[in-house]
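Please go over the structures that come below.
Here chain A shows up in two complexes: once beside chain B, once beside chain C.
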Partner chain A sequence: MGLVKAQSLTKVFRRPQKGPGLRGSVKHLFQRRFKDVPAVNGIDVSIEAGEAVAYVGPNGAGKSTTIKLLCGILVPTSGSVEVAGVTPHVDRIANARNIGVLFGQRSQLWWDLPVRESLGLLRDMYDLPKGFYQQRIERLDEVLGIGELMPVLARKLSLGQRMRADLAAALLHQPRIVYLDEPTIGLDIAVKDKVRKFLRELRADGTTLMLTTHDLGDIEDVCERIIIIDEGRKIFDGPLAQMKDSFARTRRMHLHITDGTPMDVIAKHLSTADVSGEGSEVTIAFDRFAHTAGQIIAAVLQVAEVGEFHLDEPAIEDVVRKVYAGELLV
Partner chain B sequence: MKPYLSMFLMSARRTFAYRLSALIGWLGGGAILISSLSVWHALLGEGAIAGYDWPMMKAYLVVAWAAGSIGASQGDWRMADRIREGHVATDLTKPVDYQGSRFAEHAGGLATEIPAILIAASAVIAFTGSIPGPANVFLFLLSFACVVPLKFCFTYLTAMLCFWTHNFMGISWAKDAIIWLFSGGLIPLSMLPVWLSVPASLLPFAGITATPAALYLGQATGAEAARLLGLQVFWVLALWFGARLLWRGALRALTVHGG
Partner chain C sequence: MFRTMRIYRRSLGAHFRSLLEYEADFWVLIVAGAMFNALNLLFLSAVFAHVPALNGWSYAEAVLLMGVWSVIGGLSPLFFEGVWRLSWMVNQGTLDYPLVRPAPVTVQVFSSGIGLHGVGDIVTGGAMLGWALFHVDVDWTPLTVVIGLVLLASAATIHLSIIAITNAATFWISGPHPFLAIAVHTFEDMIKYPLTIYGAGIRAVYTFVVPFAFVTFFPVSWLLDRSAGWVGLLGPLVAAYCVWLARTVFRRGLRRYDSSGH
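Up next is the complex of A and B:
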């Protein structure tokens, strides 16, 4: 039984086909032509309580649209959604009590008022008891350092401060289910680390987490499951480790050859690996299920002297990049 | 109720955050009041037009100006921008009614609008002599209170058009012009030609100026006053629930802008 369930979820946008300029607009008034854009196309997802899921895909894949469907902001064209027993677009308000949402690209803070006021309003919206509110603020101060931001006007916050305050706003009522749409967008490394640490703690608390991001570091740090979508369709759904096993099989070893052995001699000796490079710098790409790194180095040592060497672990980045580039069909 | 009250207070505080621009807005509003007073003073002289002599007209103009000021501090663009810039998405993740929230926010402007109205009325009395008091304080206040949701509904409905069109400024100006003419804000409805004044008196716009003014001046009493108030309340409810239906349809058919 999934806590968040979507079946054959589809959202088709009608995009007006309008010519340029005023002429196009006027013509459009009389001759309405639309093009159907399926942003989410028959997606099946089931997320268990306590899971942390990364939801990734290239720009325009339909990630934000999926999140909006799960929040009940958009009504699906077809298919069904159920979140904690509630159909979000039918009972939006009941659903809203169960979830916490962050759209990283926009703020929910009241721009012209201190952060404290926005949080105070949320306390009233969710009807949080005073003691609980106090305790949450203290906790959020510990992990996100929002204490110092409380008296600051929201419009005077830097991007990183704004994101921290917005995260606090999204999580103030301690929701069971949290959707974060690009929570680290535009942040520097230090703030990113802080946010990731916070997300890990959230997970440890048993919160169900769905995270969209273009920063693959977020995923490796926080999630154990990954769903990849492209053009509105799901193309991978499984444990992160399994994805690496299936698609990120290639490891790369970089060697510095000290005795001037030409590259093609090494290449000939290692017929099952891919050898490339220039002069004394050689890179060997090999299937990590066919060979261990030890076997590779032992084989090279039979024909050449090696100075320094290091190994690149397969990164999900490579896989996702391939998927984005359309090189990988699952 | 608590979330809405809280939003009302937040919005009121926000209005004070923009003291300077609010002040400039009110100075402009004051200039309009002064110029319409001088125009009518010159037109009326010692006589009367269509039953309005100078003291009565003064009262009418103050009531009309007061009704015009309701909601003015919030600006239509605020609600429109929520839709245009996609903030609706975040709003809809909260466990509160969207329309109710926008109403609470809009009403927050009363915190500066009411004082401004009281100041303007006192200034008119101070500089031009006394104006007749309301014929029936209770009926007038009831009717004037209806102006708040009525004006909200028009702004809300107009802002909703942003789902379909990008030219919000044009629509907003058109809306203001229609309200100005058909509410009696420009001139009393009884001075319009019959073919305009009769439909105008039945349309919801009349509730924004003509009805509170008629109750203030005692032009409508007894059954007629009840009929006018009933019509006004009818339009408040019709527009409020009509907007709700339309909003639901808009969300279903259309979409929320932006990533």
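Up next is the complex of A and C:
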């Protein structure tokens, strides 16, 4: 019995079909043609109370549309949704009390108002008692540091500050179910860490969490289950560990060699990894189950001097693409 | 209901404070509202300098009509200015957040702005109304006052509902600007004069299709006890119908809302 349930959830958008240029646009005024674009196509999801689920897929896969369907912003074309016993798009207000939503690309703070005023307005809408509100603000200040942001106008906030304030706004009423659509988009490492830490604490409190992101770090830090979708269809649903072990094995290390050691010397030395590159810039791809990054760098240092280096984690998108292209079998 | 009102008040209050962020705008808008009405009155006076009556309406009666129009016209920018932002919100997909908060979307949208020119409208309109009421021939009884106020409230409701309905057309038309609403609102300008000066076609449209006649002409005709003044008493019914229609249009519209992005 899931807390969030969707059955053969489908959302079809109708898009006008126009020819290119002015001619096409004018023609469309008289000859209206539309094309049905399924953004979400028969998705079944069931999320238990207290689960933290990562919802991933390439751009345009239908992630945000699913989230909007689950929180009642959009009305499904067909299929059903039930969240905590409520059909979100029918009983919108009852649903709103159960959920917290953050769209990372967009703020819900009132543009010309200080953060404090925005939170005050939300307090009124959610009927939060004064004591509870104070307590929540203190708690949110502890983990997100919103205290210093309270007197600042929303339009004067930096992206990181805005995201912190928006998280506070979304979670002010302590919702049981939280949907986060790209909560770390555009954030620097320090703020990202803060946000992730906060999400972990949310989970520890027993909040049900659904998170869309392109950042593997977010997922590893916070979620234990992952759902992958592409072109509106679910293509994987299972434990994160299983997916990673199966698909996301390859890490890449990029090095700048300072002593002119030729690439093939390094390649010969690292027989189990894949070495490529040009001149002093070398890339080493390796299986993260076979080696740690430390082992690789230690091995390279035996034969060459290294200036700079950095590490690429396996990107979720790559995995998704591979799964979809049939290179990886789910 | 009280909760909704409280949210409304708080939201308007917050936006009022945000308005004070831009002090120059504050004064410009108030003065502009007052100027607009002064010009209307000037024009009306110029007309009456040449004729003793306009289609049987004396100067004071015509000013009364214009006063009612200005006061009602001033209420909507002051309290419901946000309705004009609906198209933009729908176009940009910023209706997402209002849809996930536990308060009616209409309340959140309508209270999302304040048009301070409404202050100018109400002050000058109120002055016209006050002056005219002293100069027109009405037998005042307590009942007249009560019915008069009910009709005024109905008129304001009808006016607002029409604005709301035409703005909600954006759910079907989906452009970023409320052109239909602006066009209809422009036509409403005509009701600051007695409706009888227009032809039968316009009178019919303003009575049955877009009931602007119930905002000024019919209620004022009732007060002045003119022929067919009794139609004015239908105001509350028309208001109820308009509210029902606005609610229905909004409900249907919100079901069509498709946010932005994918």
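One rule holds for everything that comes next: the second predicted complex is superposed on the first by the 239 of 330 C-alpha atoms of A that agree within 3 Å, B and C clash if a C-alpha of one lies under 4 Å from a C-alpha of the other, contacts with A are read in each partner's own complex, and residues count from 1 in each chain.
As a convention for this text, contacts are C-beta pairs under 8 Å (C-beta built on N, C-alpha and C of every residue); 3 or more make two chains touch, one makes a residue touch a chain.
Everything quoted here is computed from the prediction, not taken from an experiment.
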Should chain B and chain C be called a clash or a fit once both complexes are overlaid on chain A? clash
Which touches a greater number of chain A residues, chain B or chain C? C
By the touch definition at the top of the document, which applies to A:49: first (chain B), second (chain C), both, or neither? neither
First (chain B), second (chain C), both or neither: which does A:150 touch? neither
Chain B versus chain C as contact partner of A:68, first or second or both or neither: both
I'd like to know which partner A:125 touches here: chain B for first, chain C for second, both or neither. both
Where does A:293 make contact in the superposed view: on chain B (first), on chain C (second), on both, or on neither? neither
Find the residues of chain A that appear in the contact set with chain B and again in the contact set with chain C. 13, 64, 68, 71-75, 92-94, 96-97, 99, 101, 103, 105-106, 108, 110, 112-113, 117, 120-122, 124-127
Hey, which residues of chain B end up touching chain A in the complex? 2-3, 5-7, 10, 13-14, 17-18, 85-90, 92-97, 251-252, 255-256, 258-259
Touching chain A in the complex: which residues of chain C? 3, 6-7, 10-11, 14-15, 17-19, 21, 93-97, 99-104, 255, 257-259, 261-262
Residue numbers on chain A that touch chain C, as the complex places them: 13, 39, 59-60, 62, 64-65, 68, 71-75, 89, 92-97, 99, 101, 103, 105-106, 108, 110-113, 117, 120-122, 124-127, 153
Of chain A, residues touching chain B in the complex: 13, 64, 68, 71-75, 92-94, 96-97, 99, 101, 103, 105-108, 110, 112-113, 117, 120-122, 124-127
